[in-house]
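In the two complexes below, subunit A is the common chain; its partner is subunit B in one and subunit C in the other.
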Partner chain A sequence: DSDPVGFDSLDLNERRGRSTDAELDRRDGTRTSEALTPAAAARDEFQEELVIRPLHSGDIYASFQFRTLWDTDFLQEGQKVSHYRLFPKSLGQVLSKFSVRELHISFTQGFWRTMQWGQPFIPSPPGAELWVWFHDTVSDVDGNWKELTNVLSGIFCASLNFIDLTNTVQPSASFKPLGLGNATDHRFLRYATLPREIVCTENLTPWKKLLPCGSKAGLAVLLKSEKLFHSSFHSQAVHIRPVCQDEQCTSKAWELRQTLNVVFDLYTAGQGKKEWSLFKMFSRTLTEACPLATSSKVYVDITDNPELFELSPATPLLSQAVVLGDRRTYSVYDLSRAETFGQLRSLNLLLRWKGDGEMLRPLLHAERYVAGFGLQTGEIHTVIYNNHPYRAFPVLLMDSVPWYLQLYIHTLTVTSKSRDNKPSYIHYQPAKDRHRPHLLEMLIQLPPHSMTEVTVQFERALLKWTEYTPDPNHGFYVGSSVVSALVPSMVAMNTNFTQDQPLFSSFVPVKEESSYFVRVYTEPLLVNLPTPDFSMPYNVICLTCTVVAVGYGSFYNLLTRTFQVDEPSLPLAKRLANLIRRIRGVPLLT
Partner chain B sequence: MDYYNLLTTCAFIHLLVSIPYAYSNYVENKAGQFFSSGHTNNWAVLVCTSRFWFNYRHVANTLSVYRSVKRLGIPDSHIVLMLADDMACNYRNPKPATVFSHKNMELNVYGDDVEVDYRGYEVTVENFLRVLTGRLPPSTPRSKRLLSDDRSNILIYLTGHGGNGFLKFQDSEEISNMELADAFEQMWQKRRYNELLFIIDTCQGASMYERFYSPNLMALASSQVGEDSLSHQPDLAIGVHLMDKYTFYLLEFLEEVHPASQANMNDLFKVCPQSQCVSTPGHRTDLFQRNPGSVLITDFFGSVRKVEITKDTINLTSSLKPLIQRSGSGDMQIESLTYVDQLPVAEIIHQKPKQKDWHPPDGFILGLWTLILLVFFQTYGIKHLKHIF
Partner chain C sequence: MGLLSDPNRRKALTGLLTRLNTPICIVCYLAGIVWFMGLAFEPFTLRTYMSENAMGSTMVEERFSSGERALSLAKEFDAHKRKAGGMPVEWLVKAMQSRGLEVFTQSFSRKLPFPDENKERYMVRGTNVYGILRAPRAPRTEALVITAPCSPGNTNNQAVALLLALAQYFRNQIYWAKDIIFLVNEHDLIGTQAWLEGYHHTNITGMEYSPLQGRAGSIQAALSLELSSDVITSLDLVLEGLNGQLPNLDLANLFYAFCQKLGVLCTIQGKLQRNDWDTAEGYTHAAQTMMLMVLKQACGRSWGDHGLFLRYHIEAASVRGINSFRHYKTDATTIGRLLEGMVRKLNNLLERLHQSYFFYLLPSLSRFVSIGYYMPAFGLLAVILLLRVSFPGLCHCFSVSLQPSSPGVLTVLTPVVISHLTGVALYLLPVHLQEMAVEHFPVSETEAVVLTAIAIYTAGLALPHNTQRLLSGEGTEQGWKVLKLTALLYLAVLLGCTALINFSLGFILAVTLVPITASITPHMPKALYAVVMVLLSPAFTILYCVFIYQELIEAPVSVSEGWMLFLSVISQGILDHALYGSLVYPLLALFIYPCWLMFWNILFWN
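Right, the complex of A and B next:
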């Protein structure tokens, strides 16, 4: 019942596969027969889910995840993948052409407020962020990176072509691959952010077109741009990586995850009333699941129920998941079952707040700001908070600063609890003017219940007049710092990989039970560089021409002009009389 | 009687025969008219050159032409849309993801399905001229290219702030009418267009088409040299002027046009007379070979699909090879793959930073100099020490 469209094409696939497989069987009987059964021939599957988490401040957080799992090998020599079903062809061609092992791209509008909203399921910095692991068979990583950014800028209608060597870094310890693999040579990793990048409907439109059902069926009907961009935080991302195909993990499959996180504000979208429904958030309700999806579910976080809010319509399905170090309970609405939609054949969840509550303080939190005055020097302060009462844990701080803020690394200080805290690992790559940005990575041990401050002084460079943007008085952006940490977890994390885990808890692979991996992004900085007055040439020309015309002109006239006395003109009678007198030769009248 | 019957039957048969003949004649005429313009595909290049929130109306101008052009059939792949600033998701916009053209928020020209090819800082004079002439770097994606050929009709729409002979791009550079004329000449010599319609809505817009000299160009402008183009009406909720007068009336005119419409260029020249527009719109048709009265609006704003009907069957041979599904290697690969450790602390601490240049080991130079001094004193004796220090 859930796969009417796909099954027909599956049959065709299978039939074609069977006939040619039979031929190959005759030729060299080494073919395995696993490709012939329908279960194995279903090479790609699609799952969608929506998680709604009400926040204590009255806002509401909705996280969409669409996952396509495809059992194929793009990078196999001599074989060109030419039949795409659920996996989008544009991304598949990008992966095979540029030998990409992992690709993560996100577009974010707004800043995630960790202290008010907790930790997000998938963190992302403001603007656009792109990080890619290439395969180790690539010989020219920089060339591939440049072409990849251009192709992606065409696919997502974003100006990713502004990513070049002046804002790309190769982190040596952060951003380890999130997928399968063992070799992690950081020469094949590239990371870049564009903090100034705008996200609007033109980025959402191609993103929606990558989904198998588009925006016509399933959870994607809720993605209306007029509501999504009227929010405090909007982030859409695409993550592609190789994952385990099954629990034994003997073979790889490609996973494409499209995630969309949005936080609706109580006052702008909610009109001040602490009551949310799907219709109020998205101006649509759910009517059916995507026919191509094997599972389509809505999870609502009811851990704080019933003291904090009430949820209707009620559902008997409950699920517990350990995510972000905490055990949470979820109400599950399974859209593939017809009774979820009820009499009206549409699902509109309603959440009504009943009381106020206190949110658990997040264990890790970071801030960043610029100190100092004037347009010559300044100081970057990064503050990292460890709110755990008794455990210390290490964090990896990565800073990528553009070349026009010249850092003085000898002034770098790391202090915790007003004492010096020496990092156990520092990797610093200085900038080259107009070629390379600064990269600073440090592994810092955070003492329990403390605030750690990292400060470094910098000097602002004077750019050439052609390097300024058309609106230089707005300022120049410095990308967010990334803080990666293994935070101690309050509840034992699940290290087993099972197929029916909800998507939001299976994004980051869990290696040990006692801690979970989290990535926190700080604010981007906006600094003013010494800006010349661009109207100066025009003003100078006007002033100079005026001075030259008035001053030199008068002087020239004084030197070269001769004065002649001018006779006043006589009336007509006297002129006639003068004429007669001239004939006579007698002196003239005056 | 017989003769009379014969005559009537003859007349009847004659009539029967001539009606389909007349009808096929009519169809042929219609078909002939359909293909008489000589173009087979349509492209549009729509550019807004102004930055900052108070230039909202220029973005709304461009988006309303985009909307009309899409509605009349030109697909997104044939439209190059360049917007110099983002108004829809600007923090000052009280209704995000919308750009309105009529006050009281009647018509959202931004829509749900927009694809902007060049945005923000990418809209520069250089990029505009590169798009027109086709001289783009090899890694430029297809959606950012103008892939027209010699049978393409192109619509070019520019709006922004301009003056006598120039158009300002993003408050920092300008394009002159001579550069534009030369770009069109390059396009003509490279056979990049069949016919081109150029519309400009700026102050003193007519100065921009004064210098054109390539054939098959038709141009319209919203005001003459020495006149300013004015904006239409502000919306008090959004706080800025929403549209320019000329494009507002152009949008109203285009809303009446549908893909099968027979409206021609003479109707377009009559859009926004001086009584409505305050400025005098101008046009230029001397370089255009056909009579403007015979040029349909849909020749430029709509999209022509040339359809060839064939009665032969074509065999599609399937050259697809099925993917070899782990052929044979499934038996060998029994070791399980693992995920990478996200923060391998021990590994990071012991990671030695790779040095790019080779430096001699520490103390080497010192040791070398000690060796040299030792050898020296060994051979020549200690009395030379005072010459060193």
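Right, the complex of A and C next:
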């Protein structure tokens, strides 16, 4: 597959790498000096943080991140690692056994409502998503992949073992390694989603067990399943990748990032009052940091403060960061300091809304649906919105469609502003029945302030009767399509000089901040296939057999045979007489 | 089959069939009618039962309590409706937003092929407002729909208000697994049609609409609500949809189960249930209910907003509040609870409703007749057509006529082609010639369309048999037999296919068409039989249905009123075809009427 025309995927990757590094540096810079000193032998470290962002819809978004750094390089030849400190052993063994270079797995229950909630920190599609880069020394990638999914299925108590070749694809441009290294050979990449996967407590428990402190201390005490699953959105993920230890990148380390995102609903969890506290959200308050953590912090997004809401207890610590192209201000609560907890020895943040604010429309937004009716054909519509007032930008659209929807790729149309929009790069891999799904990747330029519609028609296949699920009338799922883009930054777009910022910084927009990487997942699709009536197989078999045996058989017989009137057979006496007559040579009787 | 492979016995059998042909046909016809009438007799029907497991055992307590608030909301809505002079779009958007829904609007416009005089509309322009309640932790793949039409005047305010009250109550619950769409549609069916076409991004009827901004995956079921008074005495369930499609019987069972649970009087076809099946009145009552269902289903129009959902494989029903000033009263809270219960059960569905019957007739809400029971009634009528095919001489002459040298093919082909051309004219001309008709005659557009249709229908009676003679000279004995054979087989196929899709339509057509078509020959007294044939033609069938329907809903009409109703039924049929894609008008114009003309031709064969 040739490099995409007009889109340098390497460049995309590099920039993203740089921005993440910058983000890490920023975090390092804000680290407090009183952090526990790591052991001298291994420079493993553990950080935990919670970001709370009040959403304009009145809901509240809480995002946990737990980051474990493991100072080792066990993928080198001949090196055996048997000592694990903070890093979970179960994952470490998996990494070395299957020569995994990078692993990203997410379990999500619910759909991220971009139009109400803005962009999430770490996006994920509904259901389970798994993508893995293997080392280029691996000879049997498919074999490793199959084993890996089965092992992960056990570790996370999930149905990842349902990932097989029929729902695995190798995207050529949409998923690049996020860690060190410039691997571009997508033969070593495997991507699969299970849109039907249901995430519940049984997946949360093993995920919590991977944390150094478990759910005993630190931020993880808030992770009580009865509250986490009483929400509008729940997503938990594990990301493992190699990163640099220092700025010169002289040594490598493994980074394990465990993230958990949850959105609490204003009406069902908040009783309709725009008033949130840690206790209301999690039915717990914070009392201590995880003793093993080098940093343990709670950030509250107060960019809209004080016009919109008030926050108590107040904190003097403020931190600014450019997140998703927008400059945000955060109140920081450092759990490693005793004064954070006050006299009550517990921290219960309280947020009270005072007014209604208007949210800026997210710049990139996508949705998808099935058009048409009937059980023969249909049309998949993917609609991508660019809400930027004057900048066009390219997006990479990736669609993985199961083989039982037979795509008519010649009907593929891309229209923006009711004009044909020719994608500059198309990578299409047709499906093979029962072996491989369709993979469609396109690079589309989105005109400013526009709606781009991608449509493709399909025919629904009639499955073999053993291939139907136990609930065939529920329908069959098609995973989310993935829109990856470098979106022009809001900061760069901002020409509002009334804001309190130094003049020297605002004349020429900084290049690093001019665009940021965003991945948007559309909703999965539920498609009905033509389904036989399974409720009466016995009747159907009986009827079919009867019709074939009795009806068809005799009609065929009647229609093809020629009928003649039989000569009546002679009585026995006459036949005997004829026998004698034949011997005598006299004419026979009739 | 052994019987047929033995030539002697086969001969005996065919001999018997040909000898006793007419008596057997008469017996079959009477048996068919009796069988059909027997379907309403309670011991012959089955009791309804819930087939779907997911909706069966999980009885929950309904807690909806803001019925009073809904009623005051209805007054507010009424005031805003008056002020806006139609749908108060902005107020509705705000009302839905403040209840925590994602709100979207859709504007649509439609120019009718000719003015609809019943509803007084021609250029229709409107807006649908819908709000989506997003289920927590659900990936937007499944949805339920509750609709309430925003009707002009005083009607349906309570339905819209109850819809909003339910939305508010539902929004605070955590148990939803499917998104719920609350739709308030303007201009009743046209609005629903625009919304459904927008949702599924199709355009089958030439509607102009703005694309939908918000969706919620595949819709599993829909309920339409019509309430016009604060207190109601009973709830009526409407099931008949476009082209005679019916929702899954489990939806009716669900409604019935909740009416029983909450003690609400429920009716179907506006008729209460009776327990005295063994008396003559009890039987008549059941038969009337069933006949009403058959008539409504046969006319192929959508009897409520739910009817248009059925095309999209969405099970839907309309619930209509009736205030008949009886003593027994039900308040808005109870109706809200009933809807809450139904929606919660539908929310529990793991699969689309598919367990129960899709083809059924209901003599009452607790009794049903399945397809296996009612099909024999039609089968007995249809078999007459096949028996007449084996009438002496018919089979024989067909094989002769197929030889290329014989003139038979041409003699048959000419009337067939001419009849169908008349049918095409009947289908196309009324709508397309309306302007010309309005110019030349002092009639309105609607009258012009209907009268043109009737004129073409009548002209068709005069035209074909004359031209046939001109083209192929004198008709032979063999000629009409070939024509009759073709026409009988054609009619059998037509009725068979129709009855499979819409049993009621097939059966009604069979009842009127079969006797005359089976017995027609050129050797009969022409004047008498011409009158009989015209009286049993498709147009007169519609006229009879109008009178029977009026009789059954206890609103009998005089002959002149009936005639006016007949005219409006024709215009509604043509409009339904143009607006919603109902197939009854094209079926009658393009197939049934030409087929009947072929028999007309036989009568005047010379």
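Keep in mind that, in the parts below, the second predicted complex is superposed on the first by the 475 of 590 C-alpha atoms of A that agree within 3 Å, B and C clash if a C-alpha of one lies under 4 Å from a C-alpha of the other, contacts with A are read in each partner's own complex, and residues count from 1 in each chain.
Criterion: a residue touches a chain if its C-beta (ideal position, glycine included) is under 8 Å from a C-beta of that chain, and two chains touch if they have at least 3 such contacts.
For clarity, every value in this text was computed on a predicted model and none was experimentally measured.
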Examine A:339 and indicate which partner it touches, taking first as subunit B and second as subunit C; both and neither are also allowed.
-> neither
Does subunit A have more residues touched by subunit B or by subunit C?
-> B
First, second, both or neither for A:358, with subunit B first and subunit C second | neither
Give one of first, second, both or neither to describe whether A:109 is in contact with subunit B, with subunit C, with both, or with none.
-> both
Between subunit B (first) and subunit C (second), which does A:471 come into contact with in this model arrangement: first, second, both, or neither?
-> both
Does subunit B (first) or subunit C (second) touch A:420, or do both, or does neither?
-> neither
For A:563, decide between first (touching subunit B), second (touching subunit C), both and neither.
-> second
When the two structures are overlaid on chain A, which partner does A:230 contact: first (subunit B), second (subunit C), both, or neither?
-> both
Could you say whether A:185 touches subunit B, subunit C, both of them, or neither, answering first, second, both or neither?
-> neither
Applying the touch criterion given at the start, work out whether A:526 contacts subunit B, subunit C, both or neither, answering first, second, both or neither.
-> second
Both subunit B and subunit C touch subunit A at residues 109, 229-230, 471
Could you please specify the touching residues of subunit A with respect to subunit C in the complex?
-> 109-111, 113, 115-116, 126-127, 195, 229-234, 265-268, 272, 367, 369-375, 379, 381, 471-475, 477, 523-528, 535, 550, 554-555, 557-558, 561, 563, 565
List of subunit B residues in touch with subunit A within their complex = 51-52, 86, 88-89, 95-98, 110-122, 137, 139-144, 170-172, 318, 320-328, 330, 333-345, 348-349, 351, 353
Per the touch rule above, subunit C residues touching subunit A in the complex are 1, 4-5, 7-8, 100, 102, 134, 136-142, 171-174, 200-202, 215, 217-218, 311-313, 350-352, 354-355
Within the complex, subunit B is touched by subunit A residues 16-17, 20-21, 30-32, 34-35, 40, 72-73, 76, 79, 81-83, 109, 146-147, 150-151, 153-155, 157-159, 161-162, 172-173, 176-182, 184, 196, 198-202, 205-206, 224-226, 228-230, 244, 248-252, 394, 396, 424-425, 427, 443, 469-471, 484-486, 508-509, 511, 517, 534
